[in-house]
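By letter and in written order, the chains are A, B, C and D; residue numbering begins at 1 in each of them.
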Amino acid sequence: MDSPEPPDALLAMHDVGKSFYGVSVLSNVDIDVYPGEVHAVVGENGAGKSTLMKIASGVHQPDSGSLRIAGEPVVLHNPREAQAAGVGIIHQEFNLLPERTVAENVFLGREPTRRGLVDRRAMRARTAELLASVGAETVRPTDRVGQLGVAQQQVVEIVKALSLDARILIMDEPTAALADHEVELLYALVRRLQARGIGILYVSHRLAEVFDLSSRITVLKDGRRVVTVDTADATPEALVRHMVGRELASYYPPKAGAPGAALVTLAGAGNGRLRPIDLELRSGEVLGVGGLQGSGRSALARALFGVESFTAGQMTLDGKPVRPRSPRQAVRAGIAYVTEDRKGEGLALSQSVLDNALLASRAATPRWFGGGARTTSVRALLAAVEVHAAGVDQEVRYLSGGNQQKVVLARWLAMAPRVLLFDEPTRGIDVGAKAAIHELIRDLADKGAAVLMISSELPELLGMSDRIVVMRDGALAGELPGDASEEAVLSLATGTPHEVPA
Amino acid sequence: MTTLTARRPRIDSTNGVWLALGMTLIIGGILVATDGGSLFGQNSTVSLLQRAAGLGIVAVGQTFAILAGSLDLSVAYVISLTSLIAAETMAGSDGRVLPAILAVVAVSGAIGLVNGLLITKLRINAFIATLGVGLLIKGYLEQGYAGPAGSVPVSFQHLGYDRVGPVPVAFLLFIGVAAVAWVVINRSRFGHHLIATGGDLDVARLSGVRTDWVLIRTHVICSLCAGIAGLYLASRLGAGAPRVGAEGGYDLESIAAVVLGGTVLAGGKGGVAGTVGGVLLLAVIDGIFNQLAVDPFFKQVVRGVVIVAAVAIYAMRLRRKVVRKAAA
Amino acid sequence: MTVEAPTGPAALGQSRRGRWGAGSIAPVVVILVLLLVAVGIRQPDFYDPPALLAFLKRAAPLIILAAGQYFVIVAGDFDLSVGSLVTAEVVIAARLIDGDPGATWPVVALVLGFGLLVGLVNGLVTTLLLVPSFITTLGMYLILVGAVYTWTGGSPRGALSEEFRMLGRRGIEGVPWLGEIPYAVLILLVLAGLAILAMRSDFGKVLLAVGDNPRAARLAGGRVAGVRTIAFVVSGGCAAVAAILLGGFGGVSFQVGAGLEFTAITAVVLGGVVLGGGRGSVVGAMLGALTLQTLLTLLNLLGVAGALASAVQGLIILAAVAIGGLRART
Amino acid sequence: TNPSASASADAGAGTGETSEFFVQADYDNEIALRTTSATGPSDKPWEQALNPQNADTAKYKKAGPYNLCFSNAGVGNPWRQVGFKNMQAEVKLHPEIKSFQVADAESKDDKQISDITDLLGKGCDALIVSPNTTATLTPAVEQACAKVPVIVFDRGVNTKCPVTFINPIGGYAFGAAGAEFLIEKVKPGGNVLALRILPGVDVLEARWGAAKVAFDKSQLKVVGVEFTDGDAAKTKTIVNNYIQRFGNIDGIWMDAGATSVAAAEAFEDLGKPFPAIVGEDQQDFLRMWQDKKLTAVAPTYPTYQWRTPVIAALKILKGEQVPSPWKLPQPTITDANLSQYVDPSMPPLHYAMCGCSDLPGYPGDWGGK
């Protein structure tokens, strides 16, 4: 610790390689992080970012290469050893037990004890302190995690990592589930940690964040390190070129001209989570839905799709009253829903790419004959959306997030739906794949579908939508044109009326 | 950040079983009384509590396994085996009680260890692993024993026959085991890790819990409880009995008692208090039937219905709670 | 992993699922072949066609039960009621037929119907009342045993007719070279074919998806409760067929179904099917049953006595499943 | 130590080691009892006794009507079912019995111990016990003896405290009867297959123990000793395998009749002649024997013994002497008396030796027509 000259890197990984089932996922990767530094890691889906982070935190063991922590060579056999060595990690996926309290989750694996038993009072007190230190007093140590909203759960994750007193903190897409104003809170937190001398490895697909926070950026592509640059010397364009290996011309496809007729209408439609809503989805139009976490956007999509259906009011499709009571009815009526929780609700992970893509056709419109033609057309769709996989028979679990999302899209394209509900369609998806998905969404609208797109990412919401509605507390807070400003959306979402432009 | 979490006293499914128990006692008491008997007479109370003891101790152990997301189908054979080990080691002599207890602890612990290792190191599903181990023990018992063997000294039979007032010593043992289990599950680090492992193995592992080790210890504890039940039965029967576990149906009945107590079969939710309720509920139902001299076959039918119905009611309440929460 | 090969007709079948992974049938095939070789060495005329057919006839009920259990397991559930259902069916058939040949076919229909009905109840209680299937079918097990004993006063009454018993006992006689083709084998072939077809159909694929991730299956428009219920109905139906064959083969007793639920589940797991759902094939499950039956035959031929047999069986099952599991990891 | 040593072994061998459960004195006693003639009414074997030694019961004498209690091990098999019906019907014959309270232990030792305590609290004048297992029920029975006269039957207890213990001759006699029949009927050097239900049940171990003694002295080759779990399908499979392995099997010995029909059918299905076979007094076997003209014998463990405890209890309460122990005759069914026991109107698993045809409710209560 007392080395005066060039400080040792807190964490240095050298020549790391890893393969799964004989397929190489990482090779010859070098990366390090210094005290007080934020080192960002970017790359396409499946580039190997999370795998690298899991090696650093003892979840996976590298096939080759070495790790040093504060100059000392270490071998981390499991997460416990990594924690002991001072490495904390916030995983890409939530890592919480919904049935347990916040305090129990935060101290899981490291419960303080007194006279041999868990000192629950100390645990709660420490948790309360930590929550206060990140400015999240609304979360209480005794709350059951399952009752918290997504953003609050992310806070719990962060507090959990902080409670380690980690010298090295890895954040794997910590903002993927956060809305923009919540991201600000996270920024503040990161800076505070930085000031404490903690070294941070920061994985994100949001380039803005990367530029805001980091001092260095490493780009991974296909499991190899392409480049490590000082953030000050980097430009987004150059970064994207490194990541995807080509130029990305413009971020968003052109918007629609004149919207078509109303395809879906809601009049006073509501349920336990939604206050009466009046809304139109028009054919040919992308309707953006903005709002904070928990504002009811997903609840709206899920009600339209019959998951938790409307219990009041009217819904019409093509002028005819409908009220889907199950996703099945909705699918058969021509509605499709791409969920925000790809792994939990979107995919059957042990099934093949092809079987997942065929799932809606088979489930909602089963038939005994003619399966061959259907399979052929789905194969074509998978090719058209450019799913990258070892083959259509590969289990979908082994695909990267972006490719998994494309499989879900292919599934719905096969149904030729007239109404598409996208819930955070590009969450956790790299810039290249993101652009492809944006193209697809726009293309669907252009072909006459009515598209509803929920997004917590304001640039995406503004870039894609022809029209925007903003939700707050389960109700529509207002409607905005497609070219509205970020401020306008935010003020409607938060209910601070002063800045609403006329 | 928005908060819309409804905060109300938690209604646990483990409370449900106590409610059911209360109602069963009232209804059963009336039924038995109209039949001219008494459910709460000294004799029937004693034998009710007595019978709860054996199953109860096993069920406490099974609670550990189920909470951890596992399951133990070998307990019935462990009970038979340990009853024999106890009685044969004691061989009627007072001086050998302690060695016998140690032998039972060692053997049942070792079986639990094997179960745990099969599940964690060889990655065999708990259902199959413990079924296989059960078959192995069964083979050994059938090969070696044609009936009860060994004998227990009178001093050790106090455990099986003595009472404190109307409460059998064995029932106190059960409550003691349950109390220790409660502390372990709710207050120890191991207990926290156990529930986490059952709730989500990956989350627990990524949080630094040594889940393999937790599961191994869980199975050792579960087997030890079966061993204690074996000791109790040896004391009650005066000998070791190679079929007492299987004929008593301790495997499936202990699982039923745990689930009846509101512990979720998939793990991660529930507790030992519910299990105590579940065991008592089964015992009370049995006691009522005994008093009413209900046909043993019909009893079986009612038992099946009660188990399914109780769990269905918990599930419905849980679902309603979710809906209410959503509506709040 | 992201081999940059565009998916499409060209990329078809480039990489199949791990040959040895969880859900694969390779391990059980290897074990089966080893056992068959061992049986052949000990008893060369085991491979005479008539002897082989007789062996298949004895194995048929377990294979059919395993196929039924497969549908339930792959959807993420258990069916612990099949053993008692088999007993109940045989006892019911005996009491209703009561030696009267004329009653045979109506009773066969009734037995099938009852099996389907029990499956339906299991399915509805599990899916609509949200009771874990382990508990539902454990309850059903208690109820069936108790109800049948209550109904018959504790021991079977009546008798099965020769016509009823024919299905499990006899066959088409005088076939050149083969001798007799047992009806049980024909029934097995038909059901196995249907099971394989069902798993290749839309229903089968959705069933797998339901076992893998029920929420995803529901959001894709699947009838999760319906599909799971059908799986229980299939299992109940298979148990009914197994009961007809077993009752035919061995006659009436209360022992006929004892323990079959565990044997069937063991067979399914031996066949590489993963408890918890979503992985494994019906062919594997049926091969698992065949393997188990071969194992019992081998133990019998080697003169391993009853008590040891259960120990050896336990050991081999543990070893086989462990090997399957370990291979899946590498 | 290989219980089913190889097929090529010499005649008389192949039966494995003598079981540790074999008790020579009991064996000798039972073998002797087989030729003893019974005292008592010959048309009511359940009232007969072998070598009776009467116990004085004057101290139990009391005025009726009586409360009788019965702690039953369980009704888990047809034998116990038939027996329990016999007992219930016997009770109906006696108006001086005011109440008859039964606790069924469902084959659970510990439940039966509690049941006995429970029953003692119900004011029984006498307690009948059919113990689930001998050793484990001993303490509970001793407790009961201190309060009421106790009658034990079927399986015994390890104490002399009950007023009497009632059962037929026993397992050694049963096992020997079958084995001797095979030795007589199967040509020397013939193959015999022994089928047992379960290992480790004392009654059944005794049956095999006696058979083994006989086979060991004989010229027969015991090619296998197998357990069937009482399962017909498994039995057929095993017999099938043995027929295939040895070309033919000339005799089948069984420790209980439940699967004898299945064993015989295995021969039928392979088109082989029936072997000499041992069964029991269940109707399905007796019918097959008659129809197919089997070479067969049926030792019995008569269920009529379930009538005797009630009779004994009443005698005791009236202060009359009862034999103690009360050994009942244990007839064997042979070709000569077969027709006397076959009754097509009774259910297949009904035990012919029930002595129940004169009881109230017969045949309906037993499932007959």
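What we mean here is this: a residue touches a chain if its C-beta (ideal position, glycine included) is under 8 Å from a C-beta of that chain, and two chains touch if they have at least 3 such contacts.
What you see is a predicted model; the values in this text were computed from it and never measured.
J.: Counting C-beta pairs in contact, which chain pair has more, B-C or B-D?
T.: Spelling it out, more C-beta pairs touch across B-C than across the other pair.
J.: Quick one: which chain's Cα centre is the longest way from subunit C's?
T.: A
J.: From the mean C-alpha coordinate of subunit B to that of subunit C, what's the distance rounded to whole Å?
T.: The mean C-alpha positions of subunit B and subunit C differ by 31 Å.
J.: Compute the distance, rounded to whole Å, between the mean C-alpha positions of subunit A and subunit D.
T.: Here the centre of subunit D sits 73 Å away from the centre of subunit A.
J.: How many Å are there between the centre of subunit C and the centre of subunit D, using C-alpha atoms for each centre?
T.: 36
J.: Of all the residues in subunit B, which ones touch at least 2 other chains?
T.: Residues 142-143.
J.: Residues of subunit C that touch two or more other chains: which are they?
T.: Each of 154, 306-307, 309 in subunit C touches at least two other chains.
J.: According to the definition already given, which pairs of chains are in contact?
T.: A-B, A-C, B-C, B-D, C-D
J.: Going by the contact rule at the top, pick out the subunit B residues touching subunit C in the complex.
T.: 118, 122-125, 127-129, 131-136, 138-140, 142-143, 252, 255-256, 259, 265-266, 295, 297-305, 307-308, 311-312, 315-316, 318-319
J.: Contact residues on subunit A for subunit C in the complex?
T.: Contacts found on subunit A: 20-21, 23, 25, 46, 222, 305, 307, 326-328, 330-332, 337, 339, 344-353, 355-356, 358-368, 371, 376, 379-380, 382-383, 386-395, 398-400, 403, 411.
J.: Along subunit B, where are the residues that touch subunit A in the complex?
T.: So the residues of subunit B in touch with subunit A come to 1-6, 183, 187-189, 191-193, 195-196, 199-200, 202-210, 268-269, 323, 325-327.
J.: Can you list the residues on subunit C that touch subunit D in the complex?
T.: For this pair, the touching residues of subunit C are 43, 45-46, 51, 54, 58, 61, 94, 152-159, 169-170, 246, 249-256, 258, 296-297, 300-301, 303, 305-307, 309.
J.: If you look only at subunit A, which of its residues touch subunit B in the complex?
T.: 59, 78-80, 82-83, 89, 91, 95-100, 104, 108-111, 113, 116-118, 120, 136, 138, 143, 147-149, 151-152, 155, 160, 182, 272-273, 292-295, 308, 473
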